[in-house]
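What follows is a pair of complexes built around chain A, which joins chain B in one and chain C in the other.
Presenting the complex of A and B:
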């Protein structure tokens, strides 16, 4: 399973109820709230994909399969936006 | 003739000799004044026997002290409404502090199951919502909470999600050794509200007191993290353990803390004697020395805008129990036990206490009404030594487990003595007479007269002067 890390060009700051991500060079920003903010938090703390799935399963009270689909959707969207990138040297999942 | 006992539970007024003056102190009136001996006698006679004092400042004082007081602090009654929720993610720790008795505890490696944390938080927030409170608070204790970091992460995220659903604000506090990596440190600085960091002083002290489990010093990591935490939005409070060896360095340690970091407060606490501390040759400081150097350190901290903390001498507190034990706080152990105290069960059990409140089992938190009543009965109203001590509503007798009190008036121990000295200085400082506190501390016989008097009650004053 692929490990992801925050893209180097992204800086972030926590605000009340949200995490603000900024890509300064591109002039883009994103506001993450709720579960997305949680996923970002866990990525910055180097949780593996599997650990995040386990964490969210307990957090949301959903099945592992449901959580995995939601997580993959978020990660793919973030990868396309250049917010996260696969950790080098890890196989793809 | 009007006879009012100013020293009963509804009217506590105290008097302490301060050199050639007297400190008149009525905590429930939020009143303190320095008065001359003759005026003290007039005030006493007026309050006890209704004697007329004529016009002037003495009359003003008497009228104020005859007026309404704040309610006498009482133990909680009725529904169990937690002041906060305590979580112990693990009893494990990555340090091997030479004075720590937790290290040898049974079950030190056990980590709280996420489901158990979830059950505790759901129960707590439901109680908060039912009580109509808009603010909730979760405190993490250890061991070292970040040795079970997934539990801390989970609890924070889950509690935030749940609190948002109910429109409740939630804050988080952690007591930590600060021995974690930079990413975790930045997370803590950004995500938590209050961080109580154990840091005993510069490298020679920290590394002697608080080595890593591999024997290496922890200073470099903890000091680096204290700097990171100083830059973040979370409040940083430093807690330093003081021994007989380090007590003389408190003013220098305080100055160093202020130069290196940005704490909102610094708490100095004498080492709690234990088998490990004794084996390591770490003894608690002499109480007179501790108080003297603490007060010097306090002045250094105050000059930097940092609050000095010796919790038992907090003259703003009005309480019947010093610690979470009196506040209906459920503290959840990794195994699901719910207790009123974060100390190890074996510690309080060895002193004959049963501080269990209930248990989490099958995703449900059960509380025992009998246990709640038993724990609530542990309060300063049942501590005879405290009955006529001016610190009664502030220290409330201190830790129920580790501060064993005599029943005899005036039989003060080490903790009582240092608490009384520091509280006395705090009162004089509020009166803008820190100069008098300085003079008193330099006059040991005068200080002993104040600190050793067996009753501070105004009603007893004529007998004791």
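Presenting the complex of A and C:
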């Protein structure tokens, strides 16, 4: 398991139709829509990975495995963008 | 445009004061030498106005000298004051040609301090058309009607500069909330009509939002001669320590040093770069999909209000390998 956290520089706001993320010091911003915005919502509500998978499985009508792969891909993308970062040494696995 | 802070001291205590986040202990007044550097900055930047603010700028013990230096440098002088100025400052300002001086007098709704109100009126009478009253709306139940007889009585410029109190990033000052804007807009439209009936026009300060006025409202405002506008830009406030701010409400965002080679365009460019990501949003959650914003007609209101909508959530999530 890898423990991820929200990157300290990230601030966000929920607007109509999108969630805006800003990293001011890097001059970057991201507009999340659809499933990505939902994932962000659930993370900020402190849902666990398994709970998010469960929620999206019902929402999207996909299998648990498909949802898990999709969620992992999103998190990897966010890691590359510096939106989330791994908490080294704090994983449980 | 750039504002030069020359005094940290003020003889009023306005609840909405936007310098709340940027009090500078140990700096009371700008030394004359440093004022020369500020004028050089204006020259380098091609700025023809010396806009002096505080605190209360007229409390600077060498205020007449500062004004004289600004005039000697060929600058038109603009003063942001609460109107409760010492006689020396008033004498100096009333001696300036009307076209070379604007004294923006911030007038609060009378609160029972009759002596202060009378003093302000007396100052405005003596300044005549050099004085331009400003009124900051910081609560939705504001009552601006008292301003119209004040304009007539003092002979000041028949223009009222209207501002909506915006928050400092800390939120430590009184300010309007976006959900109060529409109610404020309705009152402004009514006031603009009343003002037009007495030959007075309204002039909008920064931070107004296009969508709080209906098209019908805008027609009324235009018929009343109101100078409406929706803008939010780096004003450039130069503080007593020689740091440049985007504007006072955004003081916590950071500052840039006023270096010997600094000019306003470069400073403004840096602030625009810093704030660009936040400009995707606005004061309302609808702003990011608003056609007025998309077309550039409206920036989405005050950036300090917008930034205060953002938050950081320190979530953690355990992800399978």
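By our rule, the second predicted complex is superposed on the first by the 84 of 93 C-alpha atoms of A that agree within 3 Å, B and C clash if a C-alpha of one lies under 4 Å from a C-alpha of the other, contacts with A are read in each partner's own complex, and residues count from 1 in each chain.
Everything that follows uses one rule, which is that a residue touches a chain if its C-beta (ideal position, glycine included) is under 8 Å from a C-beta of that chain, and two chains touch if they have at least 3 such contacts.
Remember, it's a predicted structure, so these values are computed and weren't measured experimentally.
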Clash-or-fit label for the pair chain B, chain C on chain A: fit
Which of chain B and chain C A:31 touches, first, second, both or neither: second
Partner chain in contact with A:80 - chain B first, chain C second, else both or neither: neither
Touching partner for A:23 - first (chain B), second (chain C), both, neither: second
Contact breadth on chain A, by residue count: chain C or chain B: C
Contacts of A:5 with chain B and chain C, given as first, second, both or neither: second
Chain B versus chain C as contact partner of A:55, first or second or both or neither: first
First (chain B), second (chain C), both or neither touched by A:46: both
Superposed arrangement, angle subtended at the Cα centre of chain A by chain B and chain C, nearest 10 degrees: 70
Smallest distance from any CA atom of chain C to any CA atom of chain B, in Å, after fitting: 7
Contact residues of chain A, present in both the chain B and the chain C interface: 13-14, 17, 44, 46
Parts of chain B lying in touch with chain A, wherever the complex brings them together: 114-115, 118, 149-150, 153-154, 157-158, 161, 164, 183-184, 187, 190-191
Chain A-facing residues of chain C, complex: 273-274, 276-278, 280-281, 285-289, 309-321
Interfacial residue positions of chain A with respect to chain B in the complex: 13-14, 17, 34-35, 38, 41-42, 44-46, 51, 55, 58-59
Chain A to chain C touching residues, read off their complex: 1-6, 8, 10-18, 20, 22-24, 27-29, 31, 43-44, 46-49, 52, 68, 72, 75, 84, 87, 91-93
